[in-house]
Every structure is written in C-alpha cells, then in structure tokens.
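What follows is a structure written as structure tokens; I'll ask about it next.
Should a chain be cited, it is by its letter among A, B, C and D, assigned in written order, with residues numbered from 1 in that chain.
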Amino acid sequence: MIIFLFSQFDCLDKLFQHKNQIMRYFESKVVSNEQITGDIFVLRVFRNQAEARPGQFYMLKSWDTELTLMRPISIFKAEPEEMWFMYRVVGAGTQRFSELQLGLPIKLLGPCGNGYPYEELKGKVAVLGGGVGIPPLCETAKTLKNQGVSVDAFLGFKDELFAVEDFKPWCENVYISTETGIEGHKGFVTDLLKPGQYDAVLTCGPEVMMRKVAAMCKEAGTTCYCSLEHRMACGIGACLGCSIRTKNGMKRVCKDGPVFNAEDLLW
Amino acid sequence: MIIFLFSQFDCLDKLFQHKNQIMRYFESKVVSNEQITGDIFVLRVFRNQAEARPGQFYMLKSWDTELTLMRPISIFKAEPEEMWFMYRVVGAGTQRFSELQLGLPIKLLGPCGNGYPYEELKGKVAVLGGGVGIPPLCETAKTLKNQGVSVDAFLGFKDELFAVEDFKPWCENVYISTETGIEGHKGFVTDLLKPGQYDAVLTCGPEVMMRKVAAMCKEAGTTCYCSLEHRMACGIGACLGCSIRTKNGMKRVCKDGPVFNAEDLLW
Amino acid sequence: MENVNLSVKVAGVSFKNPIIAASGTFGFGDEYNELYNVGCLGGISSKGLTLHGKDGNEGIRVWETASGMMNSVGLQNPGVEHFIQEGIAQMRRFGNVLIANMGGHSMDDYITGASMLSNADIDMLELNISCPNVKSGGMAFGIKAEVAREVVKEVRKVCAKPLMVKLSPNAENIVDMALACEEAGADALSLVNTFQAMAIDIHKRKPVFNNVYAGLSGAAIKPIALRMVHSVCKNVKVPVVGMGGIYTAEDVLEFIMAGAQAVQIGTVNFNNPLAGRIILDDLVRLCVKEGIADINEIRGVCL
Amino acid sequence: MENVNLSVKVAGVSFKNPIIAASGTFGFGDEYNELYNVGCLGGISSKGLTLHGKDGNEGIRVWETASGMMNSVGLQNPGVEHFIQEGIAQMRRFGNVLIANMGGHSMDDYITGASMLSNADIDMLELNISCPNVKSGGMAFGIKAEVAREVVKEVRKVCAKPLMVKLSPNAENIVDMALACEEAGADALSLVNTFQAMAIDIHKRKPVFNNVYAGLSGAAIKPIALRMVHSVCKNVKVPVVGMGGIYTAEDVLEFIMAGAQAVQIGTVNFNNPLAGRIILDDLVRLCVKEGIADINEIRGVCL
C-alpha cells in the first residue's frame, strides 16, 4: 500500500515545520468517491505525511486551469493512509469532484488552518453541526473521545441524513433534527442543545445556526468554538481574501481560523 | 445496436436538407478511441443519419465551455453506424479527445463543408496526403474505387507510418515516403508523384506540399483538388473566420471548401 | 412555464424575447437556421456592413484564448447595397426583429450607408463606431466621445429608423461615450464590442494577427462587460442592450438586473451552435424557478 | 540547461530571473515560503501598503469567474511603519529583490509613505496609482494621465529608490498614462493592475461585492494585458514589467517578446501554489527548446 505519494512538484528545496504539521501542495490519487445520499459524496484520497488536526481543511482541485481556484474541504476522517472528505455538490468545482473515480489524480494543499483546540478540552463536550458543517466534527469527536472526553453530537439536516453512523462510535448520544421532520426532531438542531450541560460546544455549519449556538452558549457560560466558512483564494494566509473583522482585529479564516472562539467573533 | 443517437438538443423545429445532407449538432457516444502510433489516435463515434461525403469534416467537442471553440476533424471512415476520425494530438483540444473512453459523450456538428467532387471523377485518380492530411483521403479512395475509379495513394510521413493498411483495399498502389527514410522513399511524397499518369489528383496536407502538388499538376495538365486547413470558429459559414481570397473572390474554407480546385487558389 | 413574459421593447421596437444574435457571429442568420429555427430569437443583428463592402483581413482571423477568443475578421461583408437587395429578404423570413449593423471608416460612408438603410426594410440600425477612422489617423470613432458625438449626430439626421449605437469597451470613458451618443440622438445603446487584445506566436516570434491587435470576446470579458453595462445604465435614459461573454440564462439575468433592456449573444454560438435556442429555453425555466413572471420586473434591480 | 541566462535588469536593479510575485497575491512571501523556497524568484512585490494601514473591505472579497477571479480585498495592510519595522526584515530573508508596493488615497499619503520607504531597506518602490483619490471624488489616480503625472512628480521628489509606477488598465488611454508617468520621473512602469468588473448574485438580486465593482485578474485578461504592455513598450523608453494572466512559461515569453523587461505573476499562485517555481523551471526548458540562450535576446521582437 502506497502511503506517501509525492508528485513531480514535490521537489522542494526545504521543508518547514509548524507544530508537527507540514503544509504541502501535492498530487494524490483517488481511492474512492462514493455518492452516499442525494448530493453528498465521500471522497477518499491517499494522504500525505503531515499530521492533521480535526477542524483543519485542505484546498482541493481535480482540474488544471479550467477553474481558477482550489476548493476548501474539511477533513472528515484522517485515517492512517487516507484522507476522507465529505462534500455536497453545489457548483462547478464540487461537480467535478463528484466525477472523480478510483485512481484519478487530485491535487491537495494542506492541511490548512488551525483546527479545533481539542487538547484544551476536558469533561463533556457537544459537537453541533448543520449540513456540510457536519463532516469536520466527525474527526473531532473521534479525537476527543480518544483523549477521554465524553462527546454528544447534535446533527441538523434539511431532509436526508448522512454521516450519522460515522459519529456513533465516538459519541455518547447522537441527536438528530430534520427540517422536514422525516427523522428525529422536526425543526432546528439548536432546539435540542442544552449548552449548560457541556464544558464546551464545538460547532460548524450555516452562520445563522452558529450564531444561535454562540448566543446560547454565552448565556449558559459555556465555551463555544465556531468553524467559519469564507470564500478563499490562496487558502494559506497570503491573499487576505478571507479576512474577517474580530474583536482582536482582522483575522484570516484560512490561516488564523477556520476555528474561532465565539467570544472573539463580531456578529 | 443504436444507430441514431439524438441528444436532448435534437428537438429541432424543422429540418433542412441540402443535397441529401442534414447538417446537425448532436451528442453522440464514443465507441472507441485508440492510440495507433505516437501521437495519432482513431476515434470512433456513433454517427447521425446524415449522408456524408468524403472530404467533409465535423466540428467536434468533448468539453462544455472549458474550451471556447469546437475542433474541425475530417471524416476518416464513414461506416454504416459509426463515424471514424483519425487525429494527431497537437494542443489542448486534441489532448482532450485523446482522453476519451468508450461510452463517454462527445458533441458533433456536421457534416460540414463540400467534400471532394468524386462524382465527376473517372479513370485513374491519385490521392496524395501528408501527415494528418492523410485521413480524409481514405474514405475518398474507397468511394472512388466503389464507383469504378482506379486509385493510387501517395502517403507522406515524417517518421512513423499510420493508416497505410486502411488504404490498401481501395488502391492499386500505395506509395510511401518518410522524411527520416525509416520506410519507403526517403524524402517528400511529391518526389514520387507523376501527375501526368492521372486524370485527377486529390491532395490534403501541409500547404507547402499541396502547393507543390498543384504546381506539378498544372504543368502536367492534370486536375487537382486541394483540401485546405484554416482556423475556424463556427464551422458552418457564419463567422467568416476562415475566409480565404480565391480567384472567384472570398471563400469560406468551412462552407465553400475545404476542397477547392487548385486552379481557383491564389498562392 | 408559458406564463413567463419575456417580451421586451427597445426604442419602440418589440422583441418577443430579449435574446438577440450578435453582429458578426451569426452571418445573416441562414447558416444557423439550418440547425434550428432562428426565428425563435428576439432578433438578429446582421453581419457588420460597410458602404462598399470589404474583403476583410488577411492571415489568421480567429484565435482561441482562455475562456474566449480573438477575431480579426476585418468586417468582411458584401456592402450595404447588396444587403438591401438580398440580405434583408433573407433575414425577413425568420419573422423576428431585423437589425442592420453598420460600420464605416469615414463620416461620408456612415451617412450614405445609414440613409440607404433608413429607406430599406429594416427594424433598427445598429451603428458600430469601433472601426478605425481613416481621417483621424486610424483612431477609432469609438474611443473619444467627441468624435462619436459627431458621427451619431450626422447619422441621426439621415436615419428615420430606430438608431442603436454600439459602443466599444476601448472607449476612453464608457459613460462619457454613452452620454455623448445619447445626446447626439441615439435611441438606444448596445455594448460591448470586442476588447482590443493581442496574441503572440512564441515559436514564430511574431504577433498571431497580421494587424497585430485583434478583438477579444467570450466568457473571459463578461465581468468587465457587465460593469460597463451597469455604469452606462446608471447614467443614461435610453435603453441599453448588453453583451459580452453571455453564455447562459443566468448571464442574461445578470445583465438585465444590471439594467439592460435586452442582450446579444455572440461567441457562445461557436461553442454551441444551438446556444440561442438553449439559452432561451433555460431562461424560461430560470424565471419560473426564481419567481419572475415578467422579465421586465427585474430590470435594473442592481442599479 | 544551466546555460540559459535569465537575469534581467529593471531600472538598475538586477533580478536573477524575470519572475516576480505580484503585489497582493503573495503577502510578504512567508506563506508561500512554507511551500517552496520563494527566494528562487527574481523578486517579490509586497502586499499593497498604505501610509496608515487599512482593514480592507467588508463582505465577499474573492469571486471566481471564467478563467479568472475578482477581488475586493481593499488594500488590507498593516501600514508603512509596521512594514518597515517587521515586513522588510522578513522579506530580506529570501535574498531576492524586495519591492515595496504602495498605494494611497491622497497626495499627502503618497508623499509621506514614499519618503518613509525611500529611507528604508527596500530595492524598489512600486507605486500603485489605481486607488480612488478621495479628494477628486473617488476617481482613481490611475484614470487620468494628468492626475497621475502630479502624484508621480511629487513622489519622485522624495524617493531616492528606483521608482516603478504600476498602471491601471482602466486608464483612459494607457499610452498617454505611461508617457505622463515616464515624464514625471518614473524609472520603470508595471502593468496591468486589475480591470474594474462586476458580478451579480442573481438569486439574491444583488451585486456580489459590497463595493459593487471589483478587480478582475487571471488568464481571462491576458490578451488585453499583453496588448497594453505591447503598446506601452512601443512608446516609452523606461523598462516595463508586464503582468496580467501569466500562468505559464509560454506566457512569460509572450510578454517579453512584446517588450517587457520582466513579469509579475499573481492569480496563478492561487491556482497552483508552486506556480512561481514551476514557471521558472519551465522557462529554462522552454528557452532551451526555443534556442534562447539569453532571455534578453528576444525582448521586444514583436515590437
């Protein structure tokens, strides 16, 4: 089994290390790319050597210059030899990802961003995700459980469920909501959360949902970490295309985030 | 076996007929796409209903808008259920063609252009081609033989041969030249031609070669038809992107050609 | 589906829908009419005419670029007289709006050509002011607002038909240019024509085009064209027909939301010869999806 | 392979090769330096600085377009002072040419900023005159040649360092603009900056960018950028650094054949973060293939 695939471009002059991470641009190959429901796919690719943190993401592309920018996709699962991504087809880039097949080349830049500060967490933690904010929380739940933290998952869907089974091994409870009521609670996933019961809440998903979570946590005095989405060009902190205003000044979602303490956010 | 594949776009209001040809834009599927030597491929696709003439071409594309223009490729063989194209990979478009596989969709516009005036030909005819000017002459040779004309082929290559076996069933003699001398006559294919022996010479290939053939034919008093290449946008006569000056005024290579009587050309 | 109203009016002329085939990319309509009923389009703008006709440029005339193309056709056309005698009857068969597109290299040509066309059976004259003006040293009429103003003023005098002036994106200031043409009497404006651009064949170490520069069109230019249409619409009162890289029904809506009365489609016809028809079908579906009952409702919502 | 000479000189400054990272796309170099040794490039033009620093624009800042992208970063930067104290030392580590790119919204800002940078350890000042001039009603310094002439003249007085003026393609007349800047004392010119463009979110029925217009860059604009570089090179004597949609070594040769002394690469860094390195390697190979022993040989062959 080939674990490390270095492309022709991997002839680097030097390697730089950051907290044991080596961010790299490399070519990998698709292990599988499965449609799991509706417009949701799971893409598995050979990973690079770098240690990756839950909540980090990669910039991906499966094209040359037909599209200009790479696309940010979070780590869904970091397996020993593979990186798994779970994505929704929404536009031209994810459409192309959905056409990928076993053995085809794909370029990755990463791991990017800070990831969740899991090392600092103890006790009982809730992960709360909505839509394609759900995938990054899976690796997060696993990492937390592996360090002895008790995790509850709150997963909000519009209609069809996905990824639920992937959370079960790492969570005490998995609470489900759907907007259509097809399964679980009918309504919003935030209806289910009681932040006071947790030492921290980690959330990812639509901004309105995260704002609600942050407000609830604030009221309950629970630490809350939000993983933000922003349009990105470079993905590594150089272009300032993803900057947001925070209480601590301008921050780059791709480099200083995507995970921010809700306290620091201005929304 | 599916013979006629009509795409979703084939919901036309009316059909127009020209000399039994129906020029259409339609989506077909790849039957096979084989690398026959070096950078030369043979692409087979399901054909449409239209009658096609040797020397005509199709505008092809296997992309959406990643490339702007379709690419003109001559008919190599017009089989009852399939259209065959032989092409050389030279740039972005032909590169994409070379990646096509069984069953993949491909869009065709055609048949385009006038084709060789085979109906008017009698007796003994030479077809003389150089490089990727060779493929259109194959269907031409077959058509001529089938109407009782005796055909000799003169095929000029740089180095590696291709398509030679495809000519043999239809030709009395097949003369070969290579620039490297690897096979056949070492030098140019025009060295082999004795135009005085033929009632007509049909040629396709690099302009310098065709000019030489035209000059030789003129001297010998033999009719000569040349199939020209020109960059094209629409391929159907609307944009005037492929116009050339002839003795009879401006002509569109895509619509009034690509085959011209050498007498009419100004070069 | 049928409940979406797509009909629009430009300078008093009714179009059954806002999709017009752009000049120079659609001939006089007959070639594309072999592939689909081009009468389904709102209108067709003829190949650019000149008074005496032209053979066009020598050498390479079309060249593909990233998401676009360059052309240096050089206004090859049979001349105004020939168009009046043959082209018009041919275009009339389609039953949609007939726009005669005309350029010129001198004031006299413009005036004579326009008065001939004014007496002919056309619905609208589209005046292309991008051609180099021989008298003023090859600088195009479409660059300086003052030069454009003069030609439009003179043409207006002899033109009884609705007069649409087609602006060049190479104008020094597109808004000033639009205002000058409006003041000089244009009933409508269309923009953009192609952007002056260049390509080099590095192997031959020569410019690709004999004329060195050529015109860039296609999806590549859409964002710039949209900006120009938007800023012109903000500043003029006459209707504006937008174009430049429109490939999809979504693009059509963008231009209309930016203020365009109708649009023209050019380069996309080469990418997909049924584009006019497809964009039209898609536009109906898109309007339904977006809850637009009448395309005129959303015009200029982004102004 | 090693026998190809790629070194070039711009305004007295030696670059080991003609590839420079374009301002705003490469930060101060350190992020890309995590991926490859950015010291291999000829030089780096810093993120655009302003005297007092800026937070930049609100809302969406980057947007993909056909073969390009739009940005509305709005010159987010830490300010000249901070750059002098920290940015310079950081960029110096790379060992290549250090270009400080600076913009401004008023004449005073330009003068103060330029004199501070003139005394700092930079190799070259790249003056970005595309920013809207607050005093003249938001019209950019880079639109009218006469406005540009004034700012360049004043900056020249306080700037002892080689001064490169970066032109906007939105200038009314790019050649007049270039000539005005040359006359006002620019040692070199760089072009093009981004094209003013627009995008609309048809679902929201709103412009994508809070500022309505934003800057277009990438392969889409290459043909226009090349034309502008060519026409400027034909008319000025100072060296010109070309840019706009350069993605490959072939593109680099096109710009140099059009007369550019060196080139900058911007958007391509986002498409492929190793682009600088790859283009450089490819350029050596391409020169060998094309029989170019010294890149300076082919400069301007298409002029």
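Annotations for the structure displayed:
Methods note: a residue touches a chain if its C-beta (ideal position, glycine included) is under 8 Å from a C-beta of that chain, and two chains touch if they have at least 3 such contacts.
Just so we're clear, the structure is a prediction, and the values are computed from it rather than from any experiment.
Chains that touch both chain B and chain C are absent from this assembly.
Taking the mean of C-alpha positions as each chain's centre, the chain lying farthest from the centre of chain C is A.
Computed centre separation for the pair chain B/chain D is 47 angstrom, with centres defined by C-alpha atoms.
Centre-to-centre spacing of chain C and chain D amounts to 34 Å, using the average Cα coordinate of each chain.
Our note on geometry: chain A versus chain D, Cα centroid distance of 35 Å, whole angstroms. Within chain B, contacts with two or more other chains are made by residues 65. Along chain D, residues 65-68, 218-219 each make contact with two or more other chains. Contact residues on chain C toward chain D in their complex (touch as defined above): 65-68, 70, 172-173, 195-200, 202-203, 205-207, 212-213, 216, 218-224, 226-227, 230, 245, 250, 253-254, 257-258, 290, 298, 301-302. Residues of chain A that touch chain D in their complex: 9, 12-14, 16, 18, 23-25, 61, 65, 67-70, 107, 109, 231-234, 236-243, 245, 249-250, 255.
The touching residues of chain D, counted against chain A in their complex, run 24-27, 31-37, 40, 47, 55-56, 58, 60-65, 67-69, 71, 73, 76, 218-219, 247, 267, 269-274, 277-278.
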